[in-house]
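By written order: A, B, C and D. Residues from 1 in each chain.
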Amino acid sequence: MNKARLEAFSDGVLAIIITIMVLEIKVPHGAEWSDLLKQYPVFFSYILSFMYVGIYWCNHHHLLHTVKRVTSGIMWANMHLLFWLSLVPFVTGWMGENHFAPHTVTAYALVMILCGSAFSVLQIAIKKANPNEGRLGLALAKLRTKAYISVVGYLIAIALAFVNTFFSGVILLLVAVIWFIPSKAVEQALEEEQQG
Amino acid sequence: MNKARLEAFSDGVLAIIITIMVLEIKVPHGAEWSDLLKQYPVFFSYILSFMYVGIYWCNHHHLLHTVKRVTSGIMWANMHLLFWLSLVPFVTGWMGENHFAPHTVTAYALVMILCGSAFSVLQIAIKKANPNEGRLGLALAKLRTKAYISVVGYLIAIALAFVNTFFSGVILLLVAVIWFIPSKAVEQALEEEQQG
Amino acid sequence: MNKARLEAFSDGVLAIIITIMVLEIKVPHGAEWSDLLKQYPVFFSYILSFMYVGIYWCNHHHLLHTVKRVTSGIMWANMHLLFWLSLVPFVTGWMGENHFAPHTVTAYALVMILCGSAFSVLQIAIKKANPNEGRLGLALAKLRTKAYISVVGYLIAIALAFVNTFFSGVILLLVAVIWFIPSKAVEQALEEEQQG
Amino acid sequence: MNKARLEAFSDGVLAIIITIMVLEIKVPHGAEWSDLLKQYPVFFSYILSFMYVGIYWCNHHHLLHTVKRVTSGIMWANMHLLFWLSLVPFVTGWMGENHFAPHTVTAYALVMILCGSAFSVLQIAIKKANPNEGRLGLALAKLRTKAYISVVGYLIAIALAFVNTFFSGVILLLVAVIWFIPSKAVEQALEEEQQG
């Protein structure tokens, strides 16, 4: 029951984060295609962040599957994750409106690194309180490889931002894409759980 | 359980989309009726989008009834649908503020076509993972006729926007209205499900 | 199950409506009390609408208690109610920013009348689909007297707005207050339901 | 069931309050670190309020655990609490944008005192309707000491705001921090509840 409300609150916050980002895309004053196209960095940063928040929602969803017992530690680790994710609309807007200027890309990538770290902290808090995490927990632990690759990706994106921001955007997109490659271990663990 | 959270997240996002659209209706500075009436295209586009998002919520609701097993594919197809729907407040604002100018109507209708396509993709992903979809699934599949008519309607609305935007508005309204005509097959399937 | 999602979506929309209204209270530029106090009509209209939306949430909550069977008619009647309620933040902002100018009070009261009518339509749709509504349904039907008094109150508020908007504010407040007087019939019906 | 919807609505409102606060952090026009750093009071007030609303969510979550019977009184006491919490984004924005100017700190601390009082009122309403509150209820009652310290802290913050606003910020932070110190009584009561 405890867990149901933790999920409900997190879903609420994630749903709002992913949706209010669209408010950062200001309606252009002109009515021509060109008025819309001028905003392409804003749209690109929106798509990027929508993907990232979507990935967080999916992984958060899987991670909470492994929770049987909710402790204060888990509640606060979760709140901490939501805090960093809540800054995503802000850095998305800043990066988009400034056409991926070096410092804005740095801020974006830093927030992403902090979100990732907060997710790891939550994972550790959950494991501590729920030692028998089962197959799904083990499968999620394996995702840490992807997490390390992501951090490297973010750092490269920051470095490239000072050379050519276009490459930073590509790297940020690639980091998102590697999270779309389904993890066989997670899929099988979920399958098993639904059957038995 | 998996499904409950998918529904909760989708409901959250849809509830926010349908509600933040009202933030696009800027409070007029004057206090006269005329100040309000000047904004009639904004109100009309709001009503239109409220109807469309409402229809999507209803159909999404019915569609998820047929789901027994949630896969990663379904989760991502759902996220993809929510992405296109999340652009509705933006195109609604753009079209309304520019009095249904041709390019804004085109953008609106295109987003609507993409939402419709994303819904079909979700339907296919659900069918693949849940082959025995039952009577409700079959009834929903029959709605595809309406979906095709809608696409034709959107295309006509785009074409007419370059002639007279008033007609585009009427067509967009008619497309929404045909979704209000209740489908007997869906009604019966829902009835049956609630009884047994 | 059907009903759970209808409640979840309505709760989401009502929670957003009641909360985004605070975004209409613009943060004043100055840092003095006087800068805050200048906005008193904005605060008053906010309090008023918070009360009204709160009342709607409570009554909606009670009304859905009487639902066993969800039909398409109920879903659309509910969506219709949410539509009018979604306009509350807009008319609240318009009335507040224009210091309860006559036409803005008229718009506010009209939206309130339309919300009330939509609630009655939902009540009728629910009764039609769930004939054995039980004691709670009967108790809620008795609230219709309050609904009629409210409509009269709204009309008086409109009329007074053209004389002195201060009185309109008082009347709108009084209408909200009569809904706070707990209905013994509803209380008893709820009590009974929780016990048996 | 009654209770589930009360929780859902409160979670929705709290999730929105905590998330829309980020909209008060305006995206800076420049793309330099200095443009971001200039906004440090806005960020600090955001962090502060995120912590406070997070604490309220946690305590609200615990408090509702002790509820078996939902009365109209509880529903209205809850709505009253949500009202004061809904003003948090506004006072956060005002305090942040004006660099913790004395009157803005006063307004912030006053809203916090009113939120705290509303929480106590809810606690009393719940106790009245659910006399056998169990061990968790008793543990939560013990938190009243923290509540009194907080009120003293808020008053000191107000007084210091007229001397040096930096100290006010520190006091407001300290008040939040004392709520992070886990209460052993609450932890044990929750533990017990999950086991039996």
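Everything below uses one rule, namely that a residue touches a chain if its C-beta (ideal position, glycine included) is under 8 Å from a C-beta of that chain, and two chains touch if they have at least 3 such contacts.
Just so we're on the same page, UniProt names per chain: A, B, C, D = Putative membrane protein.
As the structure is a prediction and not an experimental result, all values here were calculated from the model.
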| item | value |
| --- | --- |
| Angle (degrees, nearest 5) of the CA superposition of subunit A onto subunit B | 90 |
| Interface residue overlap between copies subunit C and subunit D, same or different (over half shared) | different |
| Distance from subunit D to subunit A - Cα centre to Cα centre, in angstrom | 26 |
| Centroid spacing, where centroids are CA-atom means, of subunit B and subunit D in whole angstrom | 37 |
| Overlap residues in subunit B, where contacts from two or more other chains coincide | 8, 12, 15-16, 20, 23 |
| Interface residues, subunit C side, partner subunit D - complex | 7-8, 11-12, 14-16, 18-23, 25, 27-33, 36, 47, 50, 54, 57-58, 61, 65, 180, 182, 186-187, 190, 194 |
| Residue ranges of subunit C touching subunit B (in the complex, touch as defined) | 2, 5, 8-9, 12-13, 15-17, 20, 23-24, 69-72, 75-76, 79, 82-83, 86-87, 89-90, 93-94, 97-98, 101-104, 107 |
